[in-house]
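Next, two complexes with subunit A in common: one pairs it with subunit B, the other with subunit C.
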Partner chain A sequence: MAVFMQSLISGILIGGVYALIGIGLTLIFGVMRVINFGHGDILMVGMYLTYILFTFAHIDPFVSVLISFPLMFLFGGFLQKVFINRVLNAVAQNQILLTIGLGLIMSNTVMLIFTSDYKIITTSYSSSTIQVGGGVSVSWPLLVSFLITAAITAALYWFLLKTDTGQAIRATAQDRDAAQLMGINVKRMSIIAFGLGSALAGTAGALISPTYYIFPQVGSVFTLKAFVITVLGGMGSVVGATLGGVLIGITESMSAAYISSGWKDVVVFVLFLLVLLLKPSGLMGKSRT
Partner chain B sequence: MRKHLLALGAVFVLSPLMAQKIGVINSMSGPEAPIGENISNGIKLAEEDLIKKGIHVQLVWEDDTGKPQISMSAMEKLATRDNVAGVVGPYTSACSNAVAKLAEKYRVPLLIPAAAKEEITRQGLKHVFRMNAPADRYASSLIDAALGLGKPKSVAFIYENTDFGTSTSKTAKEYVAKKGIQVVADEPYPKGAADYRSTLAKIKSKNPDLVFMVSYVADAILLMRQSKEVGLQPQAFLGGGAGFTTAEFAGERAISEDVISCTQWTDDVNWPGAKDFGKRYKARFGKEPTYHAACAYESMMIMAETARNAGGDREKTRAGLKAGNWNGIMGPVRFADYDGFTNQNNHPMLVQQIQGGNYETVFPAPFATRKAVYPFPKWK
Partner chain C sequence: MTKTLLNAAAFLLVLGALLVLPRYMDSPYALHMMILLFLSISQGQSWNILGGYTGQHSVGHAAYFGVGAYTTMMLMQARGVAPWIGVWAGVAAVVVVALVIGSICFRLRGPYFVLASIAVAEIMRLSAINLTGLTNGAEGILVTDLPAFKIGGRVITDFMTKVPFYYIGLALALLTLAVTWGIERSKLGYYFQAIREDQDAAHSLGIHIALYKNIGLVISAVLTALAGSFYGIYVGFVDPPTVLGLDLSVQIMLICIIGGMGTLYGPVLGSLVLVPLSEALRSNMVTDLLVKSGLVSADSKVGIFLKENLAHAHVLLYGILVVLVILFMPEGLMGFLKGLTSRRRKEAV
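The block that comes next holds the complex of A and B.
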């Protein structure tokens, strides 16, 4: 029973962070129909930003989210305005190539500056736990990450549902031409969406950094996970991405415990394939023409 | 015309005195860079000592970034374009195994300093030599140390699933079967995984007396951190070399204290020059060397001397390596054929434990400087 609870809890906690990555990707796709293959690398930049703030300014990784969120937002907005905007009407393959290229530039620049050595952030609470009884311990940094993720997700929902800008973004995602006809500045919405998506990815990076290691190629692992989560949840659906993230987190954790650590990725992908076969638009997605 | 012939003649006469080209394949960037750094530094110290002995080498450095396919390209380049007399390296088992076959194909003597996978020198490859004790020693030394300290009855294995981890744990499983210790968990994990908590919880539920881990640097730290989180409390944590022997690992004081690991070398063994090497390395590079530095140093010393004596000829270098014996900071070295191994140095492994943030040799008795702390104290 303890193993079950332990796996479930760690799965949910890490699933929360995965969800954040997935939400960012799905937002970008929803609004711009751009498949951002550089998403994991943006997360990586967020991780390094956290590392810099921690090592040189001694700012706690969780506190530094307040700094990295806006910085990553500006970074994302910059990428959109300067690069992605130019290919919005291009063939999908070209858009993908551009995002891959941007990802490569990011990871290699970081590699040149920091070398490929693994960096580990060690804080006073890196291995702290809370005992929840029954022999189950919850990792304190993971719990804090999850709570922050939940707060950010809630704030995001509020933003998308209640504010004018948020509704304008959703309108643009629903039907870009109609939104433009209604007087929405769709170019601006794209910039905001990409900025938001990047900020979420960067924040996810900041939240994972106390419990993972930081290296320039970490992006590729997370890009893949982000895609699985986004497609699983339905591309363009924020709720779907949240569900998808937590589901993937739990699946990974449970299969590591009950099957084998070596097989957990296989289980995740098999699950993914099954969902695609049975409900191709994803759990919460609507089929698009 | 005559001047040119004279110059050409001089070159031929003087060429044995010219620097020998020796290739180095190492993981200088990438995930294994922290350990690769030790190998590079050991070789640099060797280069200096060789000059003092009047042996000039021209080193050709190749970075394999820890990937076997890049290692293989590096080997091809060294063998065909750089025309080296011999190669020292690479670091990881996966890279070394890939490169060994190429070394044999191109007939270039290869001296592997620190790769564990047994099979590398069990393939009858005449051009491949190995300095360090292979994986079976990792296992036997750790288990023997544990048996000398207590009466463990069960063991759980958790290991990274490339050549290094699989090879070392496989041989360890065979060894514990002989010693009557029961295997209660066998968990390979993909290198670079982030979350071991559920696996460790599973292991904890089996209540093993020993936890045997085989990992590289980053995984070792995360494993121990998450073991503490999950509250895994065996009689001992046994770390199979690599990640568990680095300064980075020892630096994580909250989680590395009292972890037992096996090593090819420590600075308090009475092999000639060992202690001085340790001091010199620390003074020069600001941190303690891992065993990889000592292995690499001695490998380069041996390769360079042999290549010089052979005049840079590959076959003569190979013969020189086979026939020679040396006694340096790694103790007595001789590349012999025994027990199915070819060109393997029969090197004794040492077992160390982190006490007070420092590595102390605790086993075997002739080399031990401190008593081991056993069982593993309760996590605070």
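The block that comes next holds the complex of A and C.
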């Protein structure tokens, strides 16, 4: 029972970060219908940003979110305006390839600068845990990052539901042409959506950096995870991505505990294929025509 | 008519030159480059059949390459099976794998198909890492001593030089070209292209979509597996990231994207661009050139930095190339050249 509770709790905690990654991807897909294959690499850039701030300015990884969020927003907006914007009406495979290419450029530029050595951010709390009782312990950095993700997700929901810009983004996601006819600046909404998506991925990168190895190729793992999460939740659904993130987090830690940590990713991918085959619209997705 | 004759003559001329080339070029490095070129053409052309002609953009072709390479290598290491027999076991394994993958992935379209193809390849890679008893896990399989190839007791080759590999590579590249050429001119090719252009229209014309997609996949997968086996035997080493990784899938696809998808010579052009460029970066040729031309001094910080790092960054070049190609010539080099000639023709008129 203790093992079960332990894996459930760590699953939920890491799932919060996964949700952040998934929401970013789903937001971009919803507004632009572009699947961002460079999403994990954007997260990787966020990790290195945190690493730089920590090593050279001695800013705590969790505090550095305040700096990396706006910086990653600008970075994402730049990527959208300069590259993605040009292929919005192109065939799907060209969009996919462009984002793959951008991802390769990001990871290899980082490799040129920092080499492919593993970097670690060691904080005083990196390996500290809290005993909850019943033999269950919670990793302190995971708990803090979960609380921050929860706060960011709540703020994001508020932004999307209550503010004018948020509503304009949702309108663009629902029907781009109709939104444009209603006088919404869809181009600007696309830039904001890509910026937000990147900021969320970058923030997720900052939040996991105290507990993960940082290296240039770390992104592809998270790109694949982000796909699994968004497809599971339903492409374009923010609520779905939140749920999907937590579900994948739990699936991973459960299969690591009960099968083996080597096979946990296989379990996730098999689950992914099953969802694609049985319910491709995902948990929260509307059925497509 | 004269055009076809001219084309055929040019092709035969190039082929003849390639056949006698090893007689006049004994530098192992030059032969190695040619072998890499042949391998790249085979990989690209195999992908082209499914991705270019049938329009199913698989980003998981490493699965077939890896299964081919692994089967041949595993049989050679564990059972001492000669590679030219093991290859066919690899082909058989790949047909089974392709049909399973096809029955799962072809129910999906567009981006969903792409995602499923990646997921399947990743499952294969992770399995290769975890099934240590079978595949030796992350350490990979190393087999360097190949048995001599004999026919009727006579030794044809003992694989001591690169020359036999050169001819195997050439044969493989020619095979993939010939298969594509044949498909282009057959009913099969028209079915493939009909599916690519409009799946629903093709379906309403009575083309069995699932059947022909699977045929395309099996042909493509078998050729990719042959290339994989050849790679394994030539390099003598396979491990999960190099023969089953996502990077490989992307590289295979890039050959076609850069050259031009759905064209016979696209993958050839793509390989002619990609192989020398990445090899030049990998072998520090670019840095040496910059130093020799006096742009960068060898002892300066920049010079040392380039020397140490540029070799690892040939993938960066792939990234830049693919972004440029998608933004400025989405039809690839073939489309770009075609555009140039047709413009010239228009100007002449």
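We adopt the following convention: the second predicted complex is superposed on the first by the 288 of 289 C-alpha atoms of A that agree within 3 Å, B and C clash if a C-alpha of one lies under 4 Å from a C-alpha of the other, contacts with A are read in each partner's own complex, and residues count from 1 in each chain.
Criterion: a contact is a pair of C-beta atoms (placed from the backbone, for glycine too) under 8 Å apart; a residue touches a chain by one contact, two chains touch by 3 or more.
Since we're looking at a predicted model, the values are computed, not measured.
A.B. asks: What is the contact status of A:73 with respect to subunit B (first) and subunit C (second): first, second, both, or neither?
C.D. replies: After superposing on A, A:73 lies clear of both subunit B and subunit C.
A.B. asks: Which partner chains sit in contact with A:120 here, subunit B, subunit C, both or neither? Use first/second/both/neither.
C.D. replies: first
A.B. asks: Determine, under the contact definition given at the top, whether A:266 touches first (subunit B), second (subunit C), both, or neither.
C.D. replies: Only subunit C; A:266 stays clear of subunit B.
A.B. asks: For A:11, decide between first (touching subunit B), second (touching subunit C), both and neither.
C.D. replies: In the superposed model, A:11 contacts subunit B only, not subunit C.
A.B. asks: What is the contact status of A:194 with respect to subunit B (first) and subunit C (second): first, second, both, or neither?
C.D. replies: neither
A.B. asks: Check the residue A:54 against both partner chains and state whether it touches subunit B (first), subunit C (second), both, or neither.
C.D. replies: neither
A.B. asks: Classify the contacts of A:112 with the two partner chains as first (subunit B alone), second (subunit C alone), both, or neither.
C.D. replies: second
A.B. asks: Contacts for A:94 in the overlay, against subunit B (first) and subunit C (second): which applies, first, second, both or neither?
C.D. replies: Only subunit C is touched by A:94; subunit B is not.
A.B. asks: First (subunit B), second (subunit C), both or neither: which does A:62 touch?
C.D. replies: neither
A.B. asks: What is the shared patch of subunit A, the residues that subunit B and subunit C both contact?
C.D. replies: Subunit A residues touching both partners: 111, 115-116, 260, 262, 265.
A.B. asks: Once bound in the complex, which stretches of subunit A touch subunit C?
C.D. replies: Residues 35, 83, 86-87, 90, 92-94, 96-98, 100-105, 107-109, 111-112, 115-116, 220, 224, 227-228, 231, 260, 262-263, 265-266, 269-270, 272-273, 276-277, 280 of subunit A touch subunit C in their complex.
A.B. asks: So in the complex, the part of subunit A that touches subunit B is made up of which residues?
C.D. replies: 2-3, 6-7, 10-11, 14, 111, 115-118, 120, 122, 126-129, 135-137, 139, 208, 211-213, 215, 221, 252-254, 256-258, 260-262, 265
A.B. asks: Which residues of subunit B touch subunit A once you look at their complex with the stated criterion?
C.D. replies: Going by the criterion above, the answer is residues 29-31, 33-34, 65, 158, 161, 187-190, 192-199, 201-202, 204-205, 217-218, 221-222, 225-226, 228-231, 248, 252, 254-255.
A.B. asks: Residues of subunit C touching subunit A in their complex?
C.D. replies: Contacts found on subunit C: 57, 59, 104, 107-108, 110-112, 114-116, 118-120, 122-123, 126-127, 129-130, 246, 250, 253, 257, 309-310, 312-313, 315-316, 318-323, 326-327, 330.
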